[in-house]
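Below you'll find the structure, written out as structure tokens, and then a few comments.
So that you can tell them apart, the chains are marked A, B, C and D in the order they are listed, and the count of residues begins at 1 in each.
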């Protein structure tokens, strides 16, 4: 595990706090380690039934490809068949819209990713970036 | 179960009654609870073989995302790869055309969704909205 | 559709009525036509989240193989790999325990199947058999 | 959502606290609502890569069938093909060993389930039961 539970909890708390300050809709936040495995997750009251899967897919796509999910959206716009093929190949789902943000430490080492869903994709990403910054770590939302 | 069987039966009866008054083609109606699980379903004579799956997919998409399926159609028009990705992520099928309508009570609490298929998508949705209203509940057909 | 909606509704009502007389736990009842497609379904309050899928699998196995699901249990006891292989082959799930009962008319023509789950498998089957009899049709619970 | 995020966080905190008092190995704890959807999850440092999926499968089986996962183990001992069939039918994984515990309120209403993995199955279950009790709710670990 490259991202410990205390850090994951701080990432979730920071993301949620940033979302509340901005008045966003109820969010679901999932934190994965660099291997793509769940470390922690929280779904706020009012966030719909399958939001865990969507937040997971944003973060999982980011870790799987080593790119923030905004870069995956750009790729999906150009080559939708590529994203469909990778979804099949990776043995899990990736959701190629903004809100899956890579987390790096001060040396640039990849620690994992935060996936957020519930508001617009742009707002989801902004909350994740703010939460990662509040934890003293570096956010990589795109390529 | 957030939507009991008696309510589900009234939703189906009301939807079918509204469809008959409008002279619509034979319909299939599926009612899901807020967790996306089947409470009741009826496929009218002449409604084709896989209509259960289509009605289910409209309602399932609505509950999964917390949006009426008309909003999912709008999203599919703009970002088809997003709907494809979510379909994979949620571990089931969602059908992003009108006719999957969220059901809320007077306080706005989500009870579940009605999915209708058989006529045009617009008519399917109109029947669902009428059936939900006849049951004294609130319909949310879009965002 | 080889089993019309009015008949399906009578099968469900008769099965539920028989279950209530016997004091069974809350049931889920699914009726499929001879092609294995859903005609109607009802999940009683207190019947757990995935009971539709289980009742469906009992009836689907029965229609798929032309045998009541009790016969599929016997086969599973003897050749579990066979049932696993058929599950994969049929493109859907079959649940090989009692409670999936074929429905035939007076001439022996196959109309479809009733699948029941919620109490013991034996009680589930007894309710289905009683419901089919109450509708004036012939139940085939085993081979 | 039948189990809110604050309750889910208390269930996780109580389960982890009970595990620490007993000196258990690092655990993963997943809380699902009554519809089987993730509300919150935490994987402790040292809990292996796929523990989220295992804890999820214990809780998911419990909610799907309306039984604690210890009852599913008993069923798997007697009819392994039944558990295999249900796993296919429900469209997800269920893990039929102790550690998936249903959560009910004082009226007996099902709120969801806690899934725990990391130590022995018996210890996993004991931690979940203690955590549910600490939250003032009722644990149902078996049938």
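As a convention for this text, a residue touches a chain if its C-beta (ideal position, glycine included) is under 8 Å from a C-beta of that chain, and two chains touch if they have at least 3 such contacts.
Since the structure is predicted, the reported quantities are computational estimates derived from the model, not experimental observations.
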Would you pick out the chains that touch subunit C and also touch subunit D?
B
Round to the nearest whole Å and give the separation of the Cα centres of subunit A and subunit C.
43
Averaged-CA centre spacing for the pair subunit D and subunit B, given as whole angstrom
31
Could you give the separation in Å between the centres of subunit B and subunit C, each centre being the mean of its C-alpha atoms?
25
Identify all positions of subunit A at which a residue touches two or more other chains, and write them in rising order.
47, 49-50
Quick one: label the inter-chain contact graph as line, ring, star, complete or other.
other
Which subunit A residues qualify as touching subunit D in the complex?
1, 4-5, 8-9, 35, 37-47, 49-50, 52
Which of the residues in subunit A end up touching subunit B in this complex?
47-51, 53-54, 56-57, 73, 76-77, 80, 83-84, 87, 93-97
How about subunit B: which of its residues touch subunit D in the complex?
1-2, 33-37, 91-92
Provide the residue numbers of subunit D that touch subunit C in the complex, in ascending order.
34-36, 63-67, 79-82, 84-86, 88-91, 110
